[in-house]
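The structure under discussion is supplied below as structure tokens; questions concerning it will follow.
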Amino acid sequence: MGIWVDSTIIFIVLTNFMLLASSRLAALVRGVALQGFTLGALLLLTHSDNLTYRVWLLVVAAVGIKGIAFPMFLKRTLNNINVHREVEPYIGYSLSILIGIAGLLLSLWIGSRLPLPGPIVSTLAIPVAFSTMLTGFFLIISRKNALTQVIGYLAAENGIFVFGVTAVHSSSIWVELGILLDVLVAVFVMGIAIHHINKEFESTDVDRFSSLKD
Amino acid sequence: MVLLGLIFIPVVMGLLALVLRHDASRRLLLPVTAVIHSALTASAWFDAPGPVWGGWLLLDGLGLLFLSITSALFLVASFYAVGYLGKEDRGQRQDFQEGVIFSNAPEAAFVACLLFFLASMTLVTLCQHFGLLWVGVEATTLASAPLIYFHRHRRSLEATWKYLMICSVGIALALMGYLLLAIAVPETPGTGVPMVVSELMRLGTSLHTVWLKAAFIFFLVGYGTKMGLAPLHTWLPDAHSESPSVVSALLSGALLNCAFLAILRPLQVLSAAGEGPFGRELLVFFGLLSMAVAAIFILGQEDYKRMLAYSSVEHMGIISLGVGIGGGAAFGAMLHAVNHSFVKGMLFMVTGNILAAYKTKNTRKVQGMLRLIPVTGVLWVLGFLAITGSPPFGPFLSEFTVLKGMLDTGHTTAAVMYLLLLAIIFIGMTSVVLKMSQGAPSEAHQSMASREIYATVIPPALLAVAVTVLGVYVPLPLQALLHNAASLLGGS
Amino acid sequence: MYLLVTAIVTLGIGGMAALLANRSPRLSSAIGTSGAVLGSALGLVSAVTCLYSGGTAPLELSWEVPFGSFSLGMDALSAFFLLPVFGLSALAAVYGNEYMRAYHGRKSLGPHWFFFNLLIAGMALVVTARNGVLFLIAWEVMSLAPFFLVTFDDDKESVRSAGWTYLVAAHLGSLPLLVLFIMLGQTSGSLDFSSFGAAAQAAPGAAGILFMLAVVGFGTKAGFLPLHVWLPEAHPAAPSHVSAVMSGVVIKMGIYGILRTLTFIGPPPQWWGITLIGIGLASGAVGILFAIAQHDLKRMLAYSSVENIGIITTGLGIGLLGRSLDQPVLAALGFGGAIFHVLNHAMFKGLLFMGAGSVLHSTGTVNINRLGGLHKKMPKTSAYFLIGAAAVCGLPPFNGFASEFLIYLAGITGGTTLPAGGAVTAWCVVVGLAAVGGLAALCFAQAFGAVFLGEPRGSLADKAHEPGPMMLVPMALLAGGCALSGLLAPMILFKMPSALSAASGIAKETVASGLATAFDSLTFIVLVSAALITVASLLALLRRRLLEGRTVGEAGTWDCGYAAPTTRMQYTASSFTQPITALMSQVLRIKTRTTAPSGLFPAGASFETATPGGTREYIYKPVFNGVASALSRFKWLQHGRIHLYVMYIAITLIALLVWKL
Amino acid sequence: MDAEALIHIGIALLLAPLFLGVVNRTKAVFAGRQGRPLLQAYFDLAKLLRKGAVYSRTTTWVFRAGPVIGLSAVLMSLTLLPFGGQGALISFKGDFVLFAYLLGLARFSTVMAAMDVGSSFEGMGASREVTFSALAEPVLFLCFLALARHTGVFSFSEMLPAISYSTWTHAGPALVLVASALFLVTLAENSRIPIDDPNTHLELTMIHEVMVLDHGGPDFAFIQYGSALKLWAFSALVVGTLLPIGGIDLPTGVVLSTAGTFILAVMVGAVESTMARLRLLRVPQYMAGAAAFAVFALVIAL
């Protein structure tokens, strides 16, 4: 049982590295989609002992939004703005992977500092959650394309979701749904913004965003 | 019921705004909603409305204070907005800064978003449940992003994107904080504990300290981004300088406070768990840091809207400093929240008029306001004196109280830095403001300046009066409320 | 007390009405002036009654402001300071009414009169406030109002920068006061003056810190060296009646503040007195030296105010020294001289600024080197100015001498009777006063001589004319005051013990006995002065008798046989003061600009000097610029790159986690 | 105030011009000339008083009031001055401050009169006059302080008469120092060599004389008489400091002091004939020297 959880969690780590390594936006989108499905699986596995309607609802919502809705939406935007690869990011792909590893180590350290009270689903849960989050931030920091940044945001979001799924027991379904909804709207708004950016700047390269400064 | 009304009336009105076709009637929605909203708020002063949704929504002292600020400011802003939208010429026109052609976003969206913005902020002030609180704060971001992109040109778009991205990231962290907080709650047999402030405070010291601290750090960084604590403030000057003045007024005057409220909630729990000093120390640190960073950028600032934005960073710093010091300073901080919102709201509205008259945001190109647009000029000077904490205006009293709190609790170094930074910021702002208001305006400006219209002059003037009154007279009920709020934070 | 409140309210109403009547300059001036005069009259009555009845019942009203209570009180000290406040302000208002006529139609006068009345009301409140918050608010109102008065003529760049300097100085100066009052209220928890007594005993060093805070905070307003930078900028920029009020009374509020603080913070250690004496003598010497070096009459007067504040502070200092060595005589003389000089300086400096104003008003310049020979054009003004000059030089029989004499006496007493340490300090006081006195004579001799005497140095003086009665009468009254309070000095001294005991905290009887000797001396001085006047008039008669029936010819000035004298060959003020300025060049750092005559037929040659004042150049500018550049090094923080912004967030988060977990 | 004091005032009024005569005679003797008569000063005054006057068109009443005020101020200063071991006509604590300031008033009025004629020469004279006296003022007060410190009282009429043999026994050196400082001040304040030269008529080198170029007739008489009295007063001070005749009977005291005063006049003459006039730039150093004497005298008293 625990082995399955662990392996899923590790799979998430792998998806993180995929996100870090791939330059093609399409691949990034696929990566997020993959994470979305994995999260659904993780949700099921962690609550396998009592699969209430509540859990099912969450699973459907999570997979539906994170695994299907976002990727489709992002794909559409991707097609509107015909950019296909991340051209020269601030930090190269190989270095990115190394940094990802460093992030993983840091997360392990933080996890060690935070002894989880009560029954633990997996010792890996918290470190992975953190590292996924950091991966997301790292994408935002190191990539130039607005779309990549959105994907980074999603990755971070996923990391937090992993955390919520694995570590938190007492939590209200409504809040979970509300959160998912909010994220949905957020990504939607960002998509619109990207659309406008593409229109105004003939590119989605946020590197051009430097006219506002002191 | 009142609480639900406070939240949903603006929402309904917003939806209505989307369907209405006729401009005038749509604009009319703003003051109407504002009046209703503030009336409801006022009623809450007299008989406290009961909790809703099993205590998830509840109006305590803090909530009432920030709700009142938001509501009052929105009331004034709504009237200003009507005048503002009336003055705005629609359709294609040239941007004076880069010369590109741009047009406005559809007005329906603008009005609707303003109303949604109000609703979301109201939600933040009302919630006691941390999850819901997070939803509320995120909602404010989403509702306000389109407002910043009202003038559809590159700079505003850039500002919007930064706002959206940075705040979303920050708020994602806050979500993490929420989960950590949930972990901090000890396992209880049967149903889990609802994540409501009062409940968690009841648990008190039985919460897991480490997780609580971690949670607070995440909340602080997350909501701090939204609140504009340095070095997380980076979105703030861009958004404030590029958005329409009425929006800047609301962002600075209301939104930042709401974000701060979202930090205060976990602080309450932290204090109840006996870890108050941990949180306060961080607040003091970030408070001083914010003041320092603000000082850096206010000195020799060439864009007056950015200057005001940085001044907001400064004052958020002062407020969190006050709360961090606690005791009488907490009271001062609460009072300062009120004063700052009014002054800053007024100042941003004034910048709208300056922009309309001079068609530039560059302080070097603005001169002789007192001659060209006298009322605005007077308000500008008055607001400057107020914001820099000169008597007889409100901020003086609050900043004085904060200082007293610091000295009384023996935070001498902090007090010295506080005074030093205030002095530097004062010098920086004087040089800018005086240059703008005094002297004789250039012929070019004299020719193109349109005369001031009441709709855009009266609202800030009202705020000015309020600030002046608060400087010489703090009504007892308000003092009672402030004391109540401060006591919720463990202050006096 | 209610009379005073009425006065303040009257001033407020007057100001408001003037503001409302802004449309018509004539009307608003009339309203503003009458409001100021009426209010001041009421205030004067209340002050005088208080002086005679010895204190009035304090006023205690609750006030819904944190730590605030609307409590007013008037003891002899407050009353004594109210005299110049109301007296001079009223006269200045009358003067200003005519002075501002030049602006009718060009500028709206409503704001001017509003702030003028606000200023008077603010000062009255400062002197009578008995609660920290109330005091601070009144103080700041009193500091802000002059800013708007100074920048009245804000078309001029110089005026704007002067306003900036003033505002910054005023604001920075008020910061230490915030700390001061908070610390005073710390032990008792209340900010009412009545509860401040305990503050000094709170901690061993507390009293000293409080004292220094007061010196810095109030000293900025008073114009202590080196905090005086704003003074020579603001005074010339302001309209002359405003300069008169600022120089005459506003800066005295700083002295009042220090006196009031001293009543809270208990028995003074010796170094307080020595500090004040040091500051006083330094301000006196440097002030008068810079005054000598100025070419702008009003700037010169401003610096001379620094000098007189120095004299007053020296008096306070030796008074404090007397208290700490418990020598009541010394204390009484020192405080007495200081407070008396406050009154006198208000009179003659007000008079002098009004005189300068009349010159500016009729010739359009106050550049000493361009004027001359005005005595024939405006004899009355010239006569009044001469009286003021004699008074400010401390020449008998005028009032300046009376008050300086008290300080001299204190110095001499101390220098004769005190043990070594105190004695040396006292000697410094006497010698310092002597030096300052001599230089003051030099300064005003050149000023009066160059402006009013001799021949005009150019066409500017042609259109010079005597101002109208509304400007002349106040000057006449002040001139009369200078002579009168010189001749009535003993009587005034007789009324002072209550004020002094309020200030120095020494029992009234002790003070009175301490002043007894001074009383005798002053009486003799008055006697001599009277004799002097009689002898002078007798000699004048004799002279007339001698010249009767003899040939009294008119001729050109004897020019040692030079063929074609021109008025430009007259000795200018700058050349007059050259010996001393050359001697003191190290202190003054005069900037000179010369174009030497060259070639066989030199076209033009010119020589200019300017003495901007060292503190501004060599202390404040570097500091300000240093801070500015230091801070601007961090401007890269806001570089506009979003991904780095996000990185800030990540770094902050990780740092906090690592630091705090 | 006692009647004896009037005697001294009388003596001063009478003999002051003679003092100048003695000075000049001494100089003549040094120079091997016969010199002008001792009473020349009286003749000059008499002549001037009999003359009419010529005024510059530039001048105003200030010019005319100058000499009158100047003379009367000096006269008043005499009433404060003790002589011959007796108190002065008027005496009170700190009267020497008034003494100094009366002389200051005299100077001020003369300077004003000089400025009134608008001539560069007189402006120059006035400038130098006020500058040097401003430098002399502190030294004068230092001397007064020293006297007060040593005698423990602070009014002329108590100080000088208090100087007796016993004073000399315990504070002799100090008194000598004070006296010499006072002597130097006397030379400076009364426009004598080495500060000023009352004889030369090169305007550029003169101070006092050039200041009064335009005065004539009675006005000039007043000025001359005033400066004579001033010189007398100063020398009376020096003599009063040096002579230990405290508490001696009136006639002897007066005789001794008068004699002393004229001896001083001889000394002044000697100085004037043996020394050259200082360059103006050196005057501050001269004053500093005088100040040094006085300070030294003060410090001894501690």
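By written order: A, B, C and D. Residues from 1 in each chain.
As a working rule, contacts are C-beta pairs under 8 Å (C-beta built on N, C-alpha and C of every residue); 3 or more make two chains touch, one makes a residue touch a chain.
Just so it is clear, the structure is predicted and the values come from calculations on it, not from any experiment.
*Asks:* Which chain's mean C-alpha position is the greatest distance from chain D's?
*Replies:* A
*Asks:* Per the definition at the top, count C-beta pairs in contact and tell me whether C-D or B-C has more.
*Replies:* Between B-C and C-D, contacts are more numerous in C-D.
*Asks:* Compute the distance, rounded to whole Å, between the mean C-alpha positions of chain B and chain D.
*Replies:* Centre separation, chain B to chain D: 78 Å.
*Asks:* Please work out the Cα centroid separation of chain C and chain D, and write it as a whole number of Å.
*Replies:* One centre to the other, that is 36 Å.
*Asks:* Report the inter-centroid distance (CA atoms only) between chain B and chain C in whole Å.
*Replies:* That pair's centroid distance is 44 Å.
*Asks:* State, to the nearest whole Å, the distance from the C-alpha centre of chain A to the C-alpha centre of chain D.
*Replies:* Taking the mean C-alpha position of each chain, the two centres sit 101 Å apart.
*Asks:* Scan chain C for residues touching two or more other chains and write them down.
*Replies:* In chain C, residues 635, 638, 640, 642, 646, 649, 657, 661 touch at least two other chains, as defined above.
*Asks:* Which positions in chain A are in touch with at least two other chains?
*Replies:* Residues 113-114, 137, 140, 149, 206, 209, 211-212, 214 of chain A each touch two or more of the other chains.
*Asks:* Among the residues of chain B, which ones contact at least 2 other chains?
*Replies:* Chain B, residues with two or more chain partners: 161-162, 165, 169, 210, 214, 237-238, 297.
*Asks:* Just spell out which pairs of chains touch, all of them.
*Replies:* A-B, A-C, B-C, C-D
*Asks:* Applying the document's contact rule, which stretches of chain C touch chain B when the two form their complex?
*Replies:* Contacts found on chain C: 63-67, 133, 136-137, 140-141, 144, 151, 154-155, 160, 163-164, 167-168, 171-172, 175, 178-179, 182-183, 185-186, 624, 627-628, 631-632, 634-635, 637-638, 640, 642, 645-646, 648-649, 652-653, 656-657, 660-661.
*Asks:* Report the residues of chain D in contact with chain C in the complex, numbered from low to high.
*Replies:* Those in contact with chain C are residues 49, 51-58, 60, 62, 64-65, 67-69, 71-73, 75-76, 79-80, 90-95, 97-98, 100-102, 104-105, 107-108, 111-112, 115-124, 126-128, 130-131, 133-138, 140-142, 144-145, 148-149, 152-154, 203, 213-214, 217-219, 222, 280, 284, 298, 302.
*Asks:* Which part of chain B faces chain A closely enough to touch in the complex?
*Replies:* Against chain A, the touching part of chain B is residues 129, 131-132, 134-135, 138-139, 141-142, 145-146, 149, 152-155, 157-162, 164-165, 168-169, 172, 175-176, 179, 182-183, 185-188, 191-195, 208, 210-211, 214, 237-238, 241-242, 297, 301, 306.
*Asks:* Going by the contact rule at the top, pick out the chain C residues touching chain A in the complex.
*Replies:* Where chain C meets chain A, its residues are 635, 638-644, 646-647, 649-650, 654, 657, 661.
*Asks:* Which residues of chain B touch chain C in the complex?
*Replies:* 161-162, 165-166, 169-170, 173, 210, 213-214, 217-218, 220-221, 225, 231-232, 234-235, 237-238, 278, 282, 293, 295-297, 299-300, 331-332, 335, 370, 385, 388, 390-392, 396-397, 400-401, 403-404, 407-408, 415, 419, 422-424, 426-427, 430-431, 434-435, 438-440, 471-476, 479
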